[in-house]
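Next come two complexes built around chain A: one with chain B, the other with chain C.
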Partner chain A sequence: MSTLSGSRWGAAGPSTLDPERVRGGGLGDALRAYLAAVRLGWATEANWTDPFLFFIYSVAKPVSAALILVVMVEIVGGEAGRAFRGYVVTGSALWSFVIAGISGLAWSVLDDRERYRMLRYLYVSPASFALLLVGRGTARLTVGAMGALITLAVGVVVLGLPLDPGRVDWPLLGVAMVGGLVAIVVIGILMAAVCLQTRQDSWSYPEAVAGSLFLVSGAVFPLAVLPQAVQLVGLATPLTWWLAGVRLALFPDGPSVVGGEGSAWALLSGSTAPTSVDIALALLTTGALATLAAAAVFRWSEHRARERGLIDQTSGS
Partner chain B sequence: MTLAELPAAIEARGIRRIYAARPTPVVALDGIDLDVPAGEFFGLLGPNGAGKTTLIKILTTLLGPSEGWARVFGFDVVRQAKQIRRIMNMVAGGEQSGYGILTVREQLWMFSQFYGLPGRDGWRRVDELIELVGLEEQRNQRVSTLSTGQRQKLNVARGLLNDPWILFLDEPTLGLDVSAARALRALVVEWQRAVPGRTILLTTHYMAEADELCDRIAIVDRGRILAIGSPAELRRLVRRESIFRLEVDHLDGGPAVLAGLPGVVTATAAARDDGTAMPGADADQRVAVNLVLADDAALAGVVGALGQLGSRILALRKAEPTLEDVFVELVGRGFDEEAVDHPPDEVEPAPAVPPSAHGPGAPEAREVAR
Partner chain C sequence: MSAGSPPLRFGVGDGRSAWVGRPTVGPRQAAAWSRHQEILTELRAIRGRAYPRVRALFREKSWLLFEILLPFLSTSAFVFVYRALAAPPEYIGFVVLGGAMTAFWLNVIWMMAAQLHWEKDQGNLELYFAAPIDLMSVLFGMAVGGLVMSGSRAAVVLAVATTVYGVTFDVGSWLLLGLVFGLTLAALYGLGMVLASLFLMWGREAWHLTQLLTEPIYFVSGLNFPVGRLGLLGALAISTIPLAVGLDAMRQLSFRGAPSFGTPPPEVEAAILVAMAVGFLAVARIAIRVLEGLARREGRLTLRWR
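Take a look at the complex of A and B:
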C-alpha cells in the first residue's frame, strides 16, 4: 500500500488540519452534491437492464394506462366520452409523472436504507439530506416526464387529439409545468418524510397517496362530479391547478377541470371556469402552502428519526 | 492549525441514550464522560451490546443523545452537526453496504461530490485512495461483485475521501480474514500518523486490536465506561497478583492440589504449549497450570510442594495480564459471556470489583494514573 500524504485539496497543505474545511463551499457544493445524487438515482433506476428495454418499460406503462382509460370512457360515455378524449389522455399522461415523482423521492429513502444500507453515510455527509433525496428522485421524475411526453404524442398521432401548437398558451404551460414540478417534488418530500419514520413495508405508501390524489385532483374526471366537500379538498391541492393549467394551455376548448355548473369553484368564485390567471395564482398559492408544510414536516421527521435512531434502522435490525 | 490550537477531538459529559423499546426501554448509554485530545488513537473496548456503536452514532450526528452533551473538535453534536460532518467520517465493519450497481470508482467519486470536492480533484482523490487501499484491479468493477474484504477496503477509502480530522471506526475488521484485517490496521495507523491532529476513535471487541492500535482505551460495559488508560496502564490494574504459567512432568491430583497452598489464589488447568490436551491418554502425563498467586513469594511454597509430590518442573514463566484479564477484573465476567439482562428501571451498575482493590460501591469510570 502506498502512503497517503495528507490533504491534497486543502488550502493549508498536507501537514496540518485545514480550518477552511469547516466552512464548506456553499452553492457550488450543493450543486455538485445534487448532480451526483441525480447520477446515482439514474444509475440505480436505469442500469438494471439495457437502455432499449428500459425505454420500453418506462413508456409502455403510461401509454397502456392512457389507452385503457380512453377505451373505458368512450365505451361508457359514447359520443360524450369522445369529447373527453383529450382530457383523459392528458390527465393519464401527467399522472404517470406524478407517481414517478412522488415514489422516486420516497423510495430513495427506503432503497438507501434497506437495500443499499447507505442512508447513514448519505446522512452524515455534509450535503443537504433533502437535496440528496431530491437528486435521487430526479431520475425517476425524468423517466416519468419521458413517459408523459410519449403518451401525449401517442394521443395526438394515434387518437387524433386536437393539439394545435399555434393555439397553445405557452406562458400558462410554462408556469403550470414549473409549478407542477415543484408540487410533485414537495409531495415527494412529504412522502419521504413519512417513509423515514417507517420500515420496509411502506413501499406502497407513495402510490397509495398518489392514488388518493388521483381521485380528488381531476386527473380523469372533472371535480364537478365529486361531492362538494371533496371538491374543496381538490381545490386545495396544487396538482389540481397544475392539471387545469396544462389542459387549458394545450386544449383551450376542452372541458374545465375545476369549473362547471354547480361546482365548488363556481360557488366560490361566481364564474363557471377559472381563467389562466386564476389558475396560475391558485397554483402558486397552493404550491407555496404545500412547500411550507412539506419543509416543516420533513424537518420534524428528520429530527424525530435522528432522536429515535431510525436513520439506519432496517427491517432486519 | 497546530496541534496546540486544536480543541479536544471529543468531549462528552453525562451522555445517556435510552431506546424506546417494548416491554421496557433499553438504556444503551448510562452517563458517559469522555475526553479525547486531538491526535489520539482512542479505543472503545467492550462486548457486543456494551454501547460502543451507540456512542459512535451520537458522535457522528446519526443519533441524538437522550441526556448530556458531546462536542467534536468543539462543535456540538446536536446543534452544529453540519460543521462536524465536514470534518469527520465513519467506517463500519461487518456490513454489506454499497451501491452494487456502481463501480468502485463511481461510488467513491459520488461521495467525493457529497463532500464538496471539485470534479477533477474528486477523481484524482478517488484514484489515489483506490491505490492506497489496494483496489486498483477492482477500480472498474461493480461493487456487487466485490468480496467482503474488498468492500471493506472500499468502505475505508470512502471514509478517507474528505481527509477527515476525525475518523470513527466501528468494528472495522469484523468479518475480515487475518491478512485483510492486518492490512487495514496498518493503513489506518499510517493515515493517522501522516498529519498531526488526525484522530481515530475505534470501537472493537478484539482485545489484541485495541492493544496494538490504541494510545488509550476505554473499557465499556452496559453503557458505562469502567476504566480509561493506555493498554499498559490498564494492565497494571490487575498486576496486584502474580500470574505464572507452570508445566510439570506429572501432577497427581491435578492443579487442585496446588489451590490450597498458602498464597495461591487460583490454580487452573491450561493447554500445554504444544496445544494438546493434558494429561493425555498416552504415556505423556505433562500438565500445564495457570497459577495466580497473592505475590511472588508464594511461588517458593508451590515449588516446595511440587518437590514433595515428586513432580518435576518442565517450564515456569511469569505471565503478563491481558486486556481480557482487565475486563474480567472490572466486569466480573469474560468477554464472550453474555451479560444478564436487567429491566431498565433496575439497571444495576456492572458488578463491583473487589472492595480491597477499588473501594466500595459501583465501578465508577477510572482514569488510570499515567
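Take a look at the complex of A and C:
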C-alpha cells in the first residue's frame, strides 16, 4: 500500500496522518480552541477603533435603553414611579447581557459566513463548531458585561439606586449569574442554529428574540402585570429566574419579579414570593431543559446545513 | 482605432474612456442613450433593486415570525410598563405608534445605511459602478423595497397592537397626518441614502455605527414618550432627526389633547420634515457623486473588508 492510499481516515496500515491528532477531542484541545475563538472574537469586536470610542460604543446602547425606561417612569410620575425606577434600571442593565450574548453567537455565524466567508474553514477545523461559536460569542458577552456594569453604576450614582454592598446576598448572586449566563449562551446557540438556516438579512433576528423574551421574563415590570397564561410562559424561561435571583440578591426589599398578589406563582405555590432556594432550583431546572432543547436544535440545524450546503452560502436582498 | 487617435488608457486624466474611445466620465455617458432610454433604464434599475426585497418577503418564511410577531411582543413590553404604572391611555398609544415607526428606522439603518458597505463586501458594488445606471436609482430601489418590507411590519404592529391594547386614536386632520407620515418616510430614507455613502467611506466602523444608531436614537427621538420631555436634547433631536420630528408630529395629530411639552405645532414640524427631505436627498446626491469619483479614480471603494 502506498503512503498516499494509507493516509485515508480510519484506514488500516501505515499512515502519514494520525487521526487522533487531527480530531483532537481532549479537554486541553477544547480549551485551546475556545481561547483562540475568544481572542478572534475580541479582535473582531474591538480592534476597529480606539479604546475610548469602543468604550462609548459599548455603553451607549444599554445606557440609552435604561434612560428610555427612566423617562417613561418619570413622565407618569407618582410614588409608584419612584419605586419602579430601580426596578427598570436593574432590569435594563442586566438585559444588555441578553442582547450581547444572544446576538454574539448568532452574528458569529452570519459574520463568518456572509461577511468574512470563513465559516467553511472554521467548520472543517478539528475544533468543535459549537465551541468555536461560544468562544466568538464570549467576546460580545464581555462587551455586554461592560454595558451592564456602567448602566448599574449610572443607576446608583446618578439615579440614586439603593444598592448596599453589605446587604447583597453574594451566594445567590453567584448562582444566579452563573446559571443566567449559561442560559443566555444556550439561547444564543439556539439562535445560531436558526441563523445557519436563514439569509444574511437575519441580522435583526437575535434582537427580535431578545425583545420577545423582554416581555415574558419580567425584565422591566413584574410578571404579575401580564395575563396568567403569559406569566406561565415567563415562569418556564430561565431568564426570568436569573433576573429574579439577581434582583433578590442585590435589592432584598425590592418588588418580586415573579411573585405578588394574584400572580401565577402565588396561585401555583401558595406563597407570595419565591425564596432564594426556589429561585436557584427553578433556574437550574429551566436552564437544564433549555440546554437540552438547544443542543437538539443545534444538532439538527448543523446536520441540515451540511446536507443542503448552507455552511458556505452567501445571500442578500 | 484610427492611426491618428491617441492611445486609450483606463483612468486617463483627460476624461477619455477606454470603452468607446471618446471623452466620457462613466458607463452611463458611454452608453450614449436617448433621454427616453436613460429614464427607462433608471426605472428598471429601481425596480430591479427593489425586487429582491419584495420577493424576500415571500421566500423567507422565518421573516414573518422574526420581523413581525416578535417585534410586536417587544413593543408590548413597553405597553406593560405603562400599564404597571397606571399611565393614561394615550401613553399606550404613544408606544404603539413608536413601535410601528421603529420598523422604518431599523430598515433605514440596516438595509439602507449599511447596505452599500455590505454590497462592497459581497462584491456587488463594483457591478453597480460598472453598470450604465445612476447609483441614486440603486438607492431609490433599496428604499422602495425596504418601504414595502417595513411598511408591512409597521402596519401589522399598528393594527394588532391597536386591537389588542384598545388604543383609541383622536385624529384632528387625516390629511395632515398622511402628509406628515409621507414626509417622515421621505426624510428618513433620504437620511438613509446619506448614511449609505458615509458608511461606505467609513468602512468597518459602519457596522458598529449601525449598532450605535438604535437605542440612543430611540431615546433622543422620544420613541415611547413625548420628545418635548427631554427639553433641550429633545429640541435638538427635532431639528436634526427625522424620526424625532415625524413621531412628535404624528403623536400630536393622532392624540389631540395629549401633552406635547412645548414642541412646535404639527404644521411647523411638517415644514421641518420638508426641509429635511430636500436637504438629505441633495446631500445624498452630492455624496454619491463624490463616491463614484473615488471609486473610479482610486478604486479603493470596491476593495472588500476595509
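For the reader, a short list of remarks on this structure follows.
The criterion applied here is as follows: the second predicted complex is superposed on the first by the 291 of 317 C-alpha atoms of A that agree within 3 Å, B and C clash if a C-alpha of one lies under 4 Å from a C-alpha of the other, contacts with A are read in each partner's own complex, and residues count from 1 in each chain.
Everything that follows uses one rule, which is that a residue touches a chain if its C-beta (ideal position, glycine included) is under 8 Å from a C-beta of that chain, and two chains touch if they have at least 3 such contacts.
Model, not experiment: these values are computed from the prediction.
Of the two partner chains placed by the overlay, only chain B lies in contact with A:126; chain C stays clear of it.
In the superposition on chain A, A:252 makes contact with neither chain B nor chain C. When both complexes are overlaid on chain A, the residue A:116 reaches chain B and chain C alike.
In the superposition on chain A, contact is made by A:307 with chain B only, not with chain C. In the overlay built on the shared chain, the residue A:211 is in contact with chain C alone; chain B does not reach it. When the shared chain is aligned, chain C comes close enough to touch A:221, but chain B does not. In the superposition on chain A, the residues of chain A touched by chain B in one structure and by chain C in the other are 48, 116.
For chain A in complex with chain C, the residues that touch the partner chain are 48-49, 57, 60-62, 64-65, 67-69, 71-76, 78, 80-81, 84, 88, 114-116, 194, 197-205, 208-209, 211-212, 214-216, 219-222, 225-226, 314, 316-317. Interface of chain A with chain B (complex): residues 1-10, 12, 14-19, 21-25, 28-29, 32-33, 35-37, 39-40, 43-44, 47-48, 116-118, 120-127, 132, 306-309, 311-312.
Interface residues of chain C facing chain A in the complex, by the touch rule stated above, are 52-53, 55-56, 60, 62-63, 66-67, 69-71, 73-74, 76-78, 80-87, 91, 106, 110-111, 118-119, 121-122, 124, 145, 204-205, 207-208, 211-212, 214-216, 218-219, 222-226, 229-230, 305. Here chain B touches chain A in the complex through residues 1-2, 6, 19-20, 38, 57, 60-64, 75, 82-83, 85-90, 95-102, 106, 109-111, 113-119, 121, 124-125, 128-129, 131-134, 158, 160, 162-163, 165, 183, 186-187, 190-191, 194-198, going by the rule given at the top.
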